[in-house]
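Two complexes, one shared chain (chain A), two partners (chain B, chain C).
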Partner chain A sequence: MKGSRRRFGARERFMLVLILPAFAILVAFQIVPILIGANASFRSWSLFDPQKTFVGLANYRRILADPIFYGTVLPNTLVFMVGSVTGGLVAGLGLATMLNRKFPGARLVRVGILLPLMVPPVVAAIMITWMFNDQFGVVNALLGTLGLEPVPWLVYRWTSFAIVVMTDVWLWTPWFTVLILAALQSLPLEPHEAARIDGAGPWQVFRNITLPLLRPVLMVCIVVRAIDAFRVFDIVWTITKGGPARSTEVFSIYAYKQAFVYLNFDLGTAASLIGAAIIMVVGGVLYKTLSYVVEVSR
Partner chain B sequence: MRRRTFLKTVGGGSLALGVSRAVPATAQQVELKVGYMPHPIHENSIKWMKVWAAERKVTLTLVPISYEVYVEKMTANLTSRGGQYDVIWHNDDWGQLWGRYLEPVDDVPALKKLSRFIMEPYFQWEGHDTAVPFVETIGTFFYRADLLKDTEVPRTWDELIKTSQRLQKDGKVKWGFVGGMKYPHGWFTFFWSIWANGGDLMLPVHERRNAELAKNGWKSGLAQPEAVQAVEFWWDNIHTHKIAPPGQPGYSRDDANAIFMAGDSAMTMADTTLYGKFNDPKQSKVAGKISVTQFIIGPRAKFKSIAWRDPWAWAIPIHVDAAKKKAAKELLSWLNLTHDVQLDLWKATGGFPPNEDVQRELVKTDPVFRKFRAVTVESEKLIHGAFYFARWPEFFATAIDYLVRAVTGPRENIKATLEEGAKHTSEIAART
Partner chain C sequence: MSRGGSGVLAPGWGRAFFGLAITAITLLMIFPVAWMVLTAFRPASGVFYVHRGIEFTLGNFAEALAKPEMQASFVNSGVIATLATVFSLAVTITSGYMLSRFRGAASSVWFGLIYLFRCIPYITWVIPLYLLTQWMGILDTYLGLLLPHISIHICFFSWIMKGFFDGISPEMEYAAYIDGCSHWGAFFRVALPLAVPGIVALFILSWLYTWNEFLFALILTGSRTPMLTVRMAQFVNETGIEWHLMAATAVMAIGPALVVTIFAQEYVVKGLRL
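Coming up: the complex of A and B.
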């Protein structure tokens, strides 16, 4: 009793009061909507039928049995996640390695490379859509000057999907570059010098010294970006809206369409919660991997 | 200060404050917040709303919303009883969804001047009208009158192909026809061609009453020969005859309109409401060079002409307060009963004024309107351009997905893809 009173003394109460506004906002704008959403997912809840009849797990069963969900949406989301993270990581690593050297105008190049990070994703996506427009786009105009036939980029699944991934890579490469460059500049010089004295070439130094030393930073980048890529919405919605014929639909677009295009609020919320569960598992695995890698690298 | 003096001061002050707050409240201006889509028709209607508001000292707050997110945004507002809008744009194909959230408008006098065809079944909820049309939206064929004489305008699908190829061969245009195809723009290719070939999205053909559709087992028309042939027509136009752009399956109506206005296509299909935009030299290279004709009829059709006739309307959310409802109803009636407003709507945009008296007046005085009317609402068959069962949004999006899949896949798979689509869309409709 005495111990408990000590734990919740005036100082602790003051601390709780300080936390309270943030907690209230969290409850009002995060926890309550999630609970309302969770409630909707167990009911028959659509715009035209506000009876909200309890249906148990029926909505979850329908989502999990939907061939579009498991046959298109989940593979697309995973391909997007892997493609976007790998592309951004490789490009970012390359650029960071290049920028880690001294050359005239290096500062200017660094600022230039950061520019895509400052472009709002929707603006970038609209710009890209116009670049790949089959009638007025610059890409087909360039193909035309080379004597090649114009390509209807946004009519086919894989060209559309490639454009979406490429846009995301373009937007996120600077982020990878900045983080990896900072890590490169903080690496100790001695192992590199020792390797060179022992006759290692630049590629051997990079592969056997630089990359292992960078591993913890690279893992953080991968985990953060992978979770973010799983939730992608803006770029896909702006460029393809999940089309043609739902072939580029990713997870968040699927949930959005269920709720706000088909107006099935129940299925939309069930899909969102299934997605939340999946990303928690994926995030957990990635986080465990990160912890392991960091531990091993020490 | 003694106690009595204190009470007098505080009491008097409170009373004065109360009165000063009460006076402006009674004389307070009404504010109407209008949720609309940036579109020539809306902008024309809003131009006149401003005139009405200025005369009555009503404050208008205009909230533009993109078409791409309009249903989503407005649905969220209506279901949450949000206060963002007092007057909202309403469309026939959302009528069945929003009915319960809208103020009955049977007491708006202007409704007596409108054809009931543009009110039913969608703008009816439990026996009450729920929206006031401000324009009729009717799809029509636009063609380049500088390239095609009246006698050369195609009447059949075969003629469309031959005429397009001739114009392309002569270097007059890049494409014979362009139209929106992807969701939610399928009216401008798939839907009109299915209808013009004697088919429909649901069976019985041309039926829109839910009771009749239910009686027929909510049967989709996607795999019927008329629809299969229509998709094959588009497949051939894109891949074989090359009279339509290869990117068309990914086009919205805006993409198609841009190509037509750039002078790259001889024909397009669009709402008559785009006439003003197509004819605006600041926006269009084909201004002054366009005319209209009826739907180009497919080989299976048993009629000579067909068109859809639907309205765009303004509606009032049911949760809006009484003073705003009163002002909004007065405004919406005024828009329809004022002939200057109705005539300007037609002259500035090409949108048909809903007031039948004004239409009769225009038929007598305006040869262009006469032509527009002859190729649209005076068609042998007149239908509504959507369906009005509860699952229509999902049905509509799914149907277009299958149609796009069919037109972008191998030609020999078209029938199988549409059969799968028919099964899926029937299931969706039956869940209603």
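Coming up: the complex of A and C.
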């Protein structure tokens, strides 16, 4: 009895030592900063107020009452999220279906398609900015060849925004492709064969057999990417900096600008915490809805 | 084993259509990179008409690298990526192992924490991290970037490592216990060697993620420790961009990615499959 209790103790100790380093780093560099941020968000924490007076929810009220925040930033963030996830999902589904067969040069195609995933987002953003440069970019050169007027892409809100979403879709399509392709390759063969013997066409097989079987994977892809797309920063910052005239600002850019451009740490941290709360709710709802959809479709 | 089939069209046409489509998509995916590479080899005068002219040069690379700040940023990004990857893997391998092998309160609380903090946007903790590292006196130093960088992927990598260990049967470890091996002995001598392929995959991914990272580098570094991605983003916003130098720098920044995609593709795919 005594011996078994000692072994149990050793087991517990082993478990704790295994997670202790990761836990310590998580606390020191993620949890503590979030608490510091929460503290700052309840105070008047700018360069001009060394007192750091407690102001309650005033900062939150100011952010929520800011027309740029609720009128531009939040809609932009949500549109970006939906556009980027939908685009990547559709493209990834299509590509994975195409790659799920043997053909000459498949390896080469796979290298080409995987490439965007490895490219630093900042560099991708620079490449796109260069391609869409109004004077010397290849896109306008192409338009010129076709006899069309050049378009100043980054001067208008919606063309800038479309370019940013497109860049994100380009960066993340390979990720969707890899995950969906892995799922496709592990699907059972029998339902497909049975459907084909019953005379179903390729589209019907895809629509009625493949897609429902893929739902669990698609759900994971959607939730993970939606959460990541919500916090996008690098490509928006590099391509538009939130411009023209703050019209393409997303949530992370807004919080960053409050803290480091306008030097209002209090408003910046308040905005960042509001964003965190929103993504928790959106992520939770998305997860629940999609789990429900998956359950129902089974 | 082909499962797609091209039922609607005659087989020949179907295959032709498929070949055309897959070629077009592949070209579209590599076009931005290819265009940047092409630009990088054009002389300064030819850069504005990349599609015309046939002069090519290697001078852009030499010129871009001649700037001491650029050299420093390549070195810094490489050092931080390597150190952060080593430390981050060291702590997440054990954490993932624990999540995979032990059930119970401690395990589910830890998993819950990881899941929760995986969802919190980076900006929420990186703004206060500026205050924290400033207070610790390590803002704009290696340490001030390295420590937060180790923390970035704790949640995500613990999750992935759990998956790797889930795929390894614990039977061997039980056998090792019976032979008198301690917990640590079973972990180091039995489980760890079997997880090496997964760890290699994660090493590559982690290195690239850190090399590519922008937001933390932007906020936590300044002129003393220039980082590659931050320098490049500043490039774009300077008036009168020197596109030929920009392109040459970008191509060098993509270098590791190109090497990995071509030579270690299988590992990356493995790492991404969660």
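The rule we apply is simple: the second predicted complex is superposed on the first by the 272 of 298 C-alpha atoms of A that agree within 3 Å, B and C clash if a C-alpha of one lies under 4 Å from a C-alpha of the other, contacts with A are read in each partner's own complex, and residues count from 1 in each chain.
Note that in this section contacts are C-beta pairs under 8 Å (C-beta built on N, C-alpha and C of every residue); 3 or more make two chains touch, one makes a residue touch a chain.
Since the model is a prediction, treat every value here as computed from it, not as a measurement.
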### Query
So, A:Phe260: does it touch chain B (first), chain C (second), both, or neither?
both
### Task
Using the superposition on chain A described above, determine whether A:Ile209 touches chain B (first), chain C (second), both, or neither.
neither
### Touched partner set for A:Phe136, first chain B, second chain C, both or neither
both
### Task
Return the chain, chain B or chain C, that is in touch with more residues of chain A.
C
### Query
First (chain B), second (chain C), both or neither: which does A:Pro33 touch?
second
### Query
Of the two partner chains, chain B (first) and chain C (second), which one does A:Ala245 touch, if any: first, second, both, or neither?
first
### Message
Contacts for A:Pro152 in the overlay, against chain B (first) and chain C (second): which applies, first, second, both or neither?
### Response
first
### Query
For A:Met219, is the partner it touches chain B (first), chain C (second), both, or none of the two (neither)?
neither
### Task
Would you tell me the residues on chain A in contact with chain B in one complex that are also in contact with chain C in the other?
135-136, 241, 260
### Summary
chain C contacts chain A in the complex at 1-8, 18-19, 21-22, 25-27, 29-30, 32-33, 35-36, 39, 47-51, 90-92, 94-95, 97-98, 102, 106-107, 110, 113, 117-132, 147-148, 150-151, 154-155, 158, 183-184, 208, 211-212, 214-215, 218-219, 228-229, 232-233, 235-237, 243, 246-247, 250, 253-254, 256-258, 260-262, 265, 268-269, 272-274
### Message
Help me check something: in the complex, which residues belonging to chain B touch chain A?
### Response
68, 71-72, 75-76, 79, 96-98, 100, 182-183, 245-250, 255, 258-259, 262, 264, 390-391, 393-394, 397, 401-402, 404-405, 408
### Query
Which positions of chain A touch chain B when the two form their complex?
46-50, 133-136, 150, 152-156, 160, 241, 243-246, 257, 260-264
## Note on the structure
In the complex, chain A touches chain C at residues 10-12, 14-19, 21-23, 25-26, 28-34, 36-37, 40, 95, 97-98, 100-103, 108-131, 135-136, 138, 141, 170, 173-175, 178-179, 182, 189, 192, 196, 201-203, 220, 227, 230-231, 233-234, 237-238, 241, 251-252, 255-256, 259-260, 265, 268-269, 272-273, 275-276, 279-280, 283
